[in-house]
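Which chain is which? They are A, B, C and D, in the order written, and residues in each are numbered from 1.
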Amino acid sequence: MAQTNIPSWKSKLHEIIYEADTPAGKAFDIGLLLVIVLSIVLVMLESIPGMSDKYYWQFYTAEWIITIIFSIEYMLRIIVINRPTRYIFSFYGIVDLLSTLPTYLAILGGGHNLLFAVRALRLLRIFRILKITRYIGESNRLLLALRNSRAKILVFLYAVVILCVIMGTVMYLVEGPENGYTSIPTGIYWCIVTLTTVGFGDIHPVTPLGQFIASVIMITGYGIIAVPTGIVTSEFSRASANEIPVNTQVCPYCNETKHLDKAEYCHNCGNPLNE
Amino acid sequence: MAQTNIPSWKSKLHEIIYEADTPAGKAFDIGLLLVIVLSIVLVMLESIPGMSDKYYWQFYTAEWIITIIFSIEYMLRIIVINRPTRYIFSFYGIVDLLSTLPTYLAILGGGHNLLFAVRALRLLRIFRILKITRYIGESNRLLLALRNSRAKILVFLYAVVILCVIMGTVMYLVEGPENGYTSIPTGIYWCIVTLTTVGFGDIHPVTPLGQFIASVIMITGYGIIAVPTGIVTSEFSRASANEIPVNTQVCPYCNETKHLDKAEYCHNCGNPLNE
Amino acid sequence: MAQTNIPSWKSKLHEIIYEADTPAGKAFDIGLLLVIVLSIVLVMLESIPGMSDKYYWQFYTAEWIITIIFSIEYMLRIIVINRPTRYIFSFYGIVDLLSTLPTYLAILGGGHNLLFAVRALRLLRIFRILKITRYIGESNRLLLALRNSRAKILVFLYAVVILCVIMGTVMYLVEGPENGYTSIPTGIYWCIVTLTTVGFGDIHPVTPLGQFIASVIMITGYGIIAVPTGIVTSEFSRASANEIPVNTQVCPYCNETKHLDKAEYCHNCGNPLNE
Amino acid sequence: MAQTNIPSWKSKLHEIIYEADTPAGKAFDIGLLLVIVLSIVLVMLESIPGMSDKYYWQFYTAEWIITIIFSIEYMLRIIVINRPTRYIFSFYGIVDLLSTLPTYLAILGGGHNLLFAVRALRLLRIFRILKITRYIGESNRLLLALRNSRAKILVFLYAVVILCVIMGTVMYLVEGPENGYTSIPTGIYWCIVTLTTVGFGDIHPVTPLGQFIASVIMITGYGIIAVPTGIVTSEFSRASANEIPVNTQVCPYCNETKHLDKAEYCHNCGNPLNE
């Protein structure tokens, strides 16, 4: 593919829209994020009962302005990229398209509720906001530690789910439909609510035996919350420990390593570290 | 015992049914697990009100197919093993038998509710699914760390239960039956619900003094959740720490493994490790 | 004080009743614990509505048997000790006396409810059961780690209480008595319920602003639960770390330390460790 | 500024009021804290329904005594400081003023409710009580560890909020206003209540799909509570670890302290540590 044929305005726009290294690219990113946040806040406000009737025209106008901004952004993204199809059928490409469509469809007519639901898809653009974390260096280490402990946490969650299936069935048999445990899935739902210490209280044991089993489940849940914590913490600690010997100075005389940060002389042979 | 007398087809079937090292053995395991999961899902669906009436014949047919598969599996397990009585009276043997019986008993007649309860015992076969964790290497380390901290966690849970007994009685005396604390066991149940931060809300303090005591219990529960977490985490950290230093050197004289990193002589026979 | 004047039967009984080193002392302890547990279970059962009427005579008889056992124990404790007054006015002495009185007072007449409350004091004897932990070695290390982190945890709880006082007042002003926040102490109680992630639901925010503030409180509570956990865990880890170099063997040839537990030869110079 | 012109009584009072090193300064601090606590308790009691009518005169008198004490304190603080404007417009200066005003305004007339709200501002004086922690050495280390892990915790909370926005919208679409999820903000509020394992139960899923999604949210919340805990714990552990290894050797040549345990030469001047 002849890279040199790309016009300079196109490669410049590409830099602004898809990258964030230049000041213009950063400004574009932050501006777009503000519009996304605004569009999300509008969807939220419109969902509050009474609001959409009271401020109909304000919502209508704001809706169209945001849709036009998103449409321009979408077209620009297609124009400046080398292989448009690759962007169009990517996850972000589809989300970007879906976030502009609902308003246009509303002109052609269509059920209000359905359109509202589709418009809520705009929320997925929120993932773009996650890019902010790029500016915060810490998130990488967080993700790394989580990825390392992924296998252990999955085994743990698998054991929790099996425990909930068994105890949920037991509670269904003990309490029965007359006390709110209408089916085994309901019992499992209740068991997850209890084991995770959420405890809505929409369903709760009534019989003494049920309360006793519930007590056992609660104490179990209280005890095993320690497991994921232990996994993640030991992973973080290991990551920190590997981090601690920051100082990579090596004594040029005796090859001793792991000096203190401020060390100027080798603690092993007494010769100067830097000359 | 004369191992050589066992016919080759029997030892081959034994390998497939009881072991999971060969491809055929793995396939048998996974196939069986799918049938178990299916049978559990069916029991769940049937428990939903209305479902068992609506899809009576579908449930009936699926029930019989699964029962026949389980029966064949049960008989095969008895045939291919050397000492059948040992399997029959083992935990899994009894569970396997109980998971086939209910459908047969239904022909002879019998209370629907009782049979349903017995059929729910099929859930215990779910423990076989736990064997999946065999394929995930992490679960061993998890279990080891939990087993090491078992004694400490038991002491902790013992202290929690005693605390709940005392505070539950206090709350019964303070709030009394008119506020939902109908008996001391109910008070203890409430105290466990509160201390573990579950908080159903089916019973809750009404008097100012009761609310004050509840506040103290809640803050205590919030504080001491740190204890099991601390126990498990330090165990995990220690496991991780012990993992790192032992290296894979093997003594060329006595084949002893797991030497310290800096070891130059074998700690078992005293000969040099590297020559 | 002339120690030699004590009759041998008295010192022998003292050993049995107050100590737990001899087999007889252990048997006395365990027997007493069983009676205490039984008396607690009886108090619990009697508190269940309907029970005390149905099994009046059984409760009455059991009550008297336990009271007589406790009375004999109490008198023996006074007789065999050198300075009875010291025992009588100690915490356990008063609890032991209070656990025998209610039944005797019942003969003289007296309000049933009051006597029941006094009898519940017998629960304090449960602390004697805590002595069981003496037989489990782990509890000492647990207590030590907790005692070391006591100061940090108190500072943390102090900050939590101040936060709850402020946020509880804010919620009282925002939501007001019409939404269940009838007074500032009620607001503080609600804030503790929320921050500790218990969440009874007896009181909950109704206004949008109240729900927003509640969200902030909940996320704060979710985040700062990490603090006591972090304190206790680092304390446990430190205790474990100090524990790890269990092996204190020193090589008699090169003075190398920190050998593996099973090491028979020094890993540094290859000479035998024990001769 | 001519420091020498300040009269000695002024500098002495300054020492008592603003500092806490001398016995008089400490006594002043503690006395003031007691009055603040008393004023807070009074505001709380007055908020309880019925109380302010029943004990009108007692509250009225106490109110005036406390107001006069606070007024004297406020004026003293202005007199003894060198640059009064700096104190008056500082955070504490404004809070101190606001804590005296309401009672004076009450004479001029004014809405009772508004004045009560302003008087609640007196609660902000509670921050002065936080100064107590100065006497407890542990709080500094606590704050340091929290400050070090601030960035990581913010990234985590940011991810939690985004997750709640998305899942709250999904629940609004799945359950709808007829099941209590009246708007998207309400859905987000519910999601925060659930993810943080608080679980009031004022809103809870009713449809099977909603309950399934809720189960996923709860298990997620149960799992990711490990993240802040892991962050803070590894920070505490690192703080503890950095504390342990540095020993108390002092270089006899340059008086440098905090050498590594195994150091034989000073890392600062290169001279031998032990001769």
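The rule is simple: a residue touches a chain if its C-beta (ideal position, glycine included) is under 8 Å from a C-beta of that chain, and two chains touch if they have at least 3 such contacts.
In UniProt terms the chains read A, B, C, D = Ion transporter.
Small disclaimer: the values here were computed from a predicted structure and weren't measured.
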{"item": "Result of counting contacting C-beta pairs for A-C and A-D, higher pair", "value": "A-D"}
{"item": "Interface numbering overlap (same over half, different under half) for chain A (Ion transporter) and chain B (Ion transporter)", "value": "different"}
{"item": "Computed distance of Cα centres, chain D (Ion transporter) from chain B (Ion transporter), in Å", "value": "43"}
{"item": "Approximate Å spacing (C-alpha centroids) for the pair chain A (Ion transporter), chain B (Ion transporter)", "value": "31"}
{"item": "Averaged-CA centre spacing for the pair chain D (Ion transporter) and chain A (Ion transporter), given as whole angstrom", "value": "29"}
{"item": "CA centroid of chain A (Ion transporter) to CA centroid of chain C (Ion transporter), Å", "value": "41"}
{"item": "Chain C (Ion transporter), residues touching no fewer than two other chains", "value": "156, 185, 188, 197-201, 225, 229-231, 233, 237"}
{"item": "Contacting residues of chain B (Ion transporter) [partner chain C (Ion transporter), same complex]", "value": "151-152, 154-156, 158-159, 162, 165-166, 169, 172-173, 177, 182-185, 188, 194, 197-201, 204, 208, 211-212, 214-215, 218-219, 221-223, 225-227, 229-231, 233-235, 237-238, 241, 258-260, 262-272"}
{"item": "Footprint of chain D (Ion transporter) on chain A (Ion transporter) - complex, ascending", "value": "40, 43-44, 47-49, 117, 120, 123-124, 126, 129-130, 132-133, 136-139, 141-142, 145-146, 153, 156-157, 160-161, 185-186, 188-189, 192-193, 195-202, 225, 228-229, 231-233, 235-237, 239-240, 244, 258-260, 262-272"}
{"item": "Of chain B (Ion transporter), residues touching chain D (Ion transporter) in the complex", "value": "197-201, 229, 233, 237"}
